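The structures considered in this document are given below.
Both complexes shown next keep chain A, but they swap its partner, so chain B is in the first and chain C is in the second.
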Partner chain A sequence: MIKLDRREFLGAIAGLGGALFLGGCGSRETQSAELPATRTTKYADNTLAVASGSDASALTRKAVDALGGMDKLVKSGDFVVVKPNIAWNQPPEVGATTNPEVVGEIVRMCKECGAGRILVIDHVIDRPAEMVLGLTGIMAAGKNAGAEVVAAQNESDFSRVEIAQGRAIKSDTCLKEILKADVFINAPIAKTHGATTLTLGMKNLMGCIWDRQSWHRSKLDQCIADYATIIRPDLTILDANRILLTGGPKGPGKTKAVGKVIAGVDPVAVDSYGAGLFEMSADDISHIRLAHEMGVGEMDLAKVTIKNV
Partner chain B sequence: MNMKCRMIALGMLIVAALTGLGAASMAAPAPAVQKLLPGNNDVAGFKIVAKTLTYGKGVDVSKVYNGGYELYTKNGVVDVVKQMYQRESEYAEVTVHTMKSTKAALDFVNYWAKQRETKSAAIAGIGTGFSVTKPSVMSYYAMGKYFVTVSAYYPAEKSVKETAAFATAVKKRIKA
Partner chain C sequence: MENLRRVVQVVAFGVFLYLFALTIGRYSADAQANILTSKAPIDTFFRMDPLLGLTTMVATRRIIMVMLAYGLPVVILSVLAGRFFCGWICPLGTTLDAADVLFFRRRQKTATSHSAGLRNIKYYLLAGIVIAALFGAQIAYFLDPITIITRAFTFSVFPLAAAISAGGVNIPLVPADVQYFFRLNFLAAAVLIGIIALNAISRRFWCRNLCPLGALLGALSKFSIVRRVVKSNCINCRKCIPGCKMGAICDDPVQYQAPECIYCYSCTPICPALSTRIAPTLASDGYNSGLDLSKRRVLQASGVGLAIAVLGKTNVAAKTSRTGRVKTSSPVLIRPPGALPEDEFVDRCVRCSECMKVCPTNGLQPALGEAGFEGIWTPVLVPRIGECTRHCNLCSQVCSSQAIGPLEVSEKEHVFIGTAVIDRSQCIAWNSDKQCLVCDECCSYRAVVWQTIDGVRRPFVEEHKCVGCGICENVCPIQPLSAIRVFSFGDKRHLSRQEQKAYFEQAPKTEQ
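Up next is the complex of A and B:
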C-alpha cells in the first residue's frame, strides 16, 4: 500500500478535482499533485495535550511541547500555513476570533524550527479585511513573530477539491496555500455558534472554502464532517483562553475565562474535548458525531490519552 | 494544453462573456433597504469604504452573519444590508435590517438590550434604542419596521455621539 503524506494527499485531491472541473485539460491543479514529497510528522494520533493557566502564549507552547514539541512537525525550510479564526471585525476580548497571542506563539515556534515561510491566512467575512486583520490583533501578532498575514478575498485564492466520502458535498474548494503547504496548523477559538451550537476545530475549516453560503443552504453539520474527511490539519491548536458562551459566532456576548489551550492531531478528539468546556458532550454537536461516524477521528475521550500540563 | 482544449476554453469564455453581458443588462434594482444606508459625509468626514456593501435576504442573511444568521431570521429579519464607513483611521459600520413588523423591530432591540445587560429607551428623532461601549462601541435602534445597528471602531468619547449621527442619517432616509 502506498502511503501519501499530507501534501501529497491534498495535492492529489486537488489534482483530481481540477481535472474533473476543467474537463481533463492540463491544469495547475493537476500539476499540484506532483509536488515534491515531504516527510510526515509525528505526534501520537490518540493524544491530546491540555495546557491550563493564564498566559495564552505560554499555554500554547506548553501544549505543543507536551505533544512532543513543534520540531516534531516543522522542519527547516518548511512552508507552514496557520489558519486561525479571523472572520470578524471584533477585538480579541470579544472571543469571536483566535487570541492573537496564541497565533503569535505558534508562528514563533515554527520560526524556531527553521520554517522557511509561515503564512497566517483566513477567509475573512467582515470587511474591509485589512481592518479585520488589524482589529483582531492578528496582523500585528503574526507579523511581529515573523509570518505573512493575509486575508483570502478572491475566488482565485481557492482550488477545487474532491470529497470522495462526502455525503452532502462531493466536491468543494480549499485555500490553495493550504494545499501547497508542508505543514498545516488549524488554530480555532472555542465559541458558541447559532447554527452548529459550537464552533471548534472542524467548523473553523469552513474558513478554507470560498462559498460558505452553499453549506448554509445544505446540511451544514454534514458538510463540516464531509470536509473534515479530506482537509486534515497536521495539528489543531484550540484556543480556549476565553470562550464565547453566547452571541456566537460573531458576538459580542458573554465570555468566560477558561485559561486552556488544547493541542492534538485528531480533530474529532480536540473538538470533543472542546465541547466539554461548554458543559456539552460531543454527542450534542452533530458535526462532531458525524465526523466520528465517518472515521475522521475519535470522539470518545475515554479512548484518548490526555496530557494535562 | 492541446488545441482541442484551447478551443473548448475559448468557447467557454465566449459563453461566459455573453451570459455576463445579458445579466448586466437585466441587473436588478438595488433593494429598498440599501437606499437607507447613509451616504458620503452624511456624518461629517465619513466616506463609504469601497467593496464593503453586503446584502442578504432569507438564508442569504448568512452573508452578513454567517452561522449566526438564524437568530436574525427567527426574530423577524427579512433582509439586511451592511456597509463600512471611514474617516482617516476611524471606522464605523452601519447595518440596516428590514423586519417583518414594527413590533418585531422593537422586540429585537429589547432582545439585544437584555443580551447586553442594559435597557432600551426612546431616543428623540431616532426611535428606540441603546448604546454600549464595551468591548467596543455599538448602538442598536428600532426605527419603525427597521432594526439598525451602528458599530464604531474608535474611542468611545467621540464615537458614541457619532453612532447616533449615523442613526439619524438612516432615520432621515426612512422618512424621505
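Up next is the complex of A and C:
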C-alpha cells in the first residue's frame, strides 16, 4: 500500500494539472505552413488536356500524359493528397461521386513516380462514412492502388486559413493534410447542383472545409470563388466519364456517358470546359464567372490551349 | 462446484459483453448496406429472459417465436433447478457479486436478513407487472435486470468507449468515427449504480428483494428437483447462514427457503462437517418451497399494475387524431422504419436499447416524453442528432421482440416514418433569397425539389416521396431549429407495406 500524505497528493495533482495545461497550449495550431496557391505550377498554365474514349482509367492517364506527365509534378517521396468527390452514399453508376477508376489511376500514376504517402481524403456528407467510402468504391480503388483512404469527420482535421482577397469570407478552414501535402490533386466529377447549377472543380473544394453550412448562409458562389484564391490544386482532373444531368448533386437522376477526362492547372479553365459538357456557358455559372473576375484563372476557352487526345 | 460456478459466471458475463460489443453494424461490400458484425443472435440474453418473453407476449397477445424458443428452455430448467439463472448466468447478478468483492468486503455480513417483508417485495412487483401485461401494458422493462444493465451499458458506458476510441486508443468493435450521445444516460447509469449501492445493506440486495425476474424464476422453482440437503451430522455451527449470499438459510440451518436459493454453492465449502450438499434429490428435509405472500399486498400490487396499464392507455399520449390513426400528442414522435403501429409498438418494445446502440448516426434516442409514460426509453428518431441513413436497417436486425419488424433496405423508399415540412419564415432560400438548397442536395429519396420563383431556386417537399428520414433537418444550416423539420403526421405504420408502396407510386414524376 502506497502511503501518500496530503501535501504530496496535492503536489502531484498540481504537477499533473500543470503538465496537462502546458500540453494543451502546445497542441493549439494556428496558421498553416504553405498554401498550395503559392507553389509554382509545373505544367503550362493555359493548357487543358481533354482525353476522350471509354476506359476511365486509360483516359485519366492519357489526359495527364498530354499535359506533360505525372512525373513533372510528383517527385520521389512526395506526400500527395487526392481529393475526389465522395460526399454521398451512392454507387459509382449514379454519377454523384468521382469514378473510382479515375481515383485509382491517379494513385497508381503517383506511385509510379515514387510518391511517398498518398492520401485520398474528403469531408463526406452522408453517414456512416465507412459506408460512403465502401459504396462509392473509393475505399477499394484507393487501397488497391496503394493509397490511404480517409473520410474527415472531426473539426480537429481542419485548420484555419486566411483569405486575403476574400469578398464574402476573410478566413475559413482547410483539411490539414492538404496544407501539409507536397502535391494536391483535385479529382471532381462533373454534375448538376441545386444551389450552384453545376459542381465541377472549384465547387469540389468545398469538401475541404469544415463548416459547409456557413457558405450557404453567406453568398455561396462568392465563397467558392474566394476559397479558390487560396486553395489552388496543383492539378485538377475532372471526371466526365459519366455526368449527372438531373437530380444533382446526390442523384439519382439522368446520367449521360460523355467519356471524357479533363486535366489542367487552371481551375477556372477546367470548370469552364466542364460547363460546356452540360451545354452551358461558364458565364451562366456564377462561381466560375466570379473566380474569373477575381483572377483565379481564365474562363474564356478561346484563350486556352486545348489538347484533345 | 463453487469455482465452476465462478467460471461460468465470468464466461456468461464475458459472453454478454461480447454480444453487447458485437451489437454494431459494419458496411458490407457484398450487401451494399450495413449489416451486423455477428451472425450470432446478439440479443440472446433478451430472448432467454422469461420475464420479458412472458410480459411481451401477454401484453401484445401474440406468440413471439424467438422469445419462446430461447425462453422456454430457461423456464424448463428453472422448474427443475430453481434460480440457477440468477446465480450462474445473470449479468447483473455477476456484477453484484463482483461489486461485493471490490467495494463491500468490509461490510458486516448480515445474518438476519431473510426478512420476509422485504423479500416479498419482488413478488408483489412481479404481480403488478404481470397484471399490467394482462391489461395490455408492457412495463417489465423498468425492472428487468437484463434491460437495466444493457441500458446502462448502451447509454453510459458505450459513449465513453466511443470517445476513447475516437481519441486514438482504438477499442475493437467500438466505432471511432461517430461520437455517441444519449439522452437519459444519467438515469440509466443511476439505476445500475443504485442497485450496486444497495449491496451495502446486504449482499445481492436487489436479487433478494426487488428483482421481478428472480421472483418469476423463484416461483417456478417450486418443484425443483435439485435441492440443498443437510445431512444429520450437522454440528449446528451456523456458518452457512451468513455465508449465504441470498440469506436463504433459516435460523435452523437445516432449513432453507428454496425459491431464494440461487445455487451458488457458497454454503457447501464453508460447512466444516461437510454435511451440506446441493444435488438432484427428492428428499424434502429442510426444503421450504412455499411463498408466504400477503394476499392483501398481492391485490395492492395488482391494483398498481392495473392502474399503470389503464393510466397509460388514458394518457394524452394515447389520444389519436381525427383519422383515428396517428397519435396527436407529439408531432415529433418519429419511430424507426419498420416499427409496428404505435399501440403495439410500446407494448412490444422491451427497452433493451440495442437499436439505439447500432444506429450509425446516433439519431435513435430514448424517448423522454414524446410517447407518454408508456413509451419512456423507447426509440425515437431525433433528426437534429442523426438521420435515418439510406442503406441501413440495423435497428430492425437487432430487435429481439420484433417491435421493429423485419425490413429490407430496398423497402425504405416506401416505409414512411414522417414527413418533412419547410418553415418558409425560417428558410433562407425563401426568406432571404440565399443559394441554399442543402435539403434538396442531401435528400436520399429526391423528395425535396426546387422551383425557380422570382429568379431564385426555392425548395419544396414532395410528400409522396418523403419518408421522413430526417437528413434534411439534420443538415439544414439554420440554428437552433432547422427550417425543414420532420413531423410524425406522415407516419404510415398503420398501413401495410403494399399500401405504403402504392402511396409511394402515386408520387408525381418530376425531373430536374
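Basically, the second predicted complex is superposed on the first by the 269 of 309 C-alpha atoms of A that agree within 3 Å, B and C clash if a C-alpha of one lies under 4 Å from a C-alpha of the other, contacts with A are read in each partner's own complex, and residues count from 1 in each chain.
Just so we're on the same page, a residue touches a chain if its C-beta (ideal position, glycine included) is under 8 Å from a C-beta of that chain, and two chains touch if they have at least 3 such contacts.
Since we're looking at a predicted model, the values are computed, not measured.
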{"item": "Chain C versus chain B on the shared chain A, clash or fit after superposition", "value": "clash"}
{"item": "Partner chain(s) touched by A:247 [first = chain B, second = chain C, both, neither]", "value": "both"}
{"item": "Touched partner set for A:272, first chain B, second chain C, both or neither", "value": "neither"}
{"item": "First, second, both or neither for A:221, with chain B first and chain C second", "value": "second"}
{"item": "Chain B versus chain C as contact partner of A:140, first or second or both or neither", "value": "second"}
{"item": "Partner chain(s) touched by A:196 [first = chain B, second = chain C, both, neither]", "value": "both"}
{"item": "First, second, both or neither for A:47, with chain B first and chain C second", "value": "neither"}
{"item": "Partner chain(s) touched by A:94 [first = chain B, second = chain C, both, neither]", "value": "first"}
{"item": "Touched partner set for A:125, first chain B, second chain C, both or neither", "value": "both"}
{"item": "Where chain A meets both chain C and chain B, residue numbers", "value": "89, 91, 125-128, 131, 135, 193-196, 212-213, 216-217, 220, 246-247, 249-250, 252-253"}
{"item": "Interfacial residue positions of chain C with respect to chain A in the complex", "value": "26-29, 32-34, 166, 175, 177-178, 360-361, 386-387, 389-392, 428, 434-438, 440-444, 446, 450, 457, 471, 475-477, 511-512"}
{"item": "Chain B-touching residues of chain A, taken from the complex the two chains share", "value": "23-26, 87, 89-91, 93-94, 125-128, 131, 135, 193-196, 199, 203, 212-213, 216-217, 220, 246-250, 252-253"}
{"item": "Chain B to chain A touching residues, read off their complex", "value": "1-2, 5, 8-9, 49, 51-52, 54, 59-60, 62-63, 65-71, 84, 91, 93, 115-116, 135-136, 138, 151, 153"}
{"item": "Residue ranges of chain A touching chain C (in the complex, touch as defined)", "value": "89, 91, 125-131, 133-135, 140, 151, 153-154, 193-196, 212-214, 216-217, 219-221, 246-247, 249-250, 252-254"}
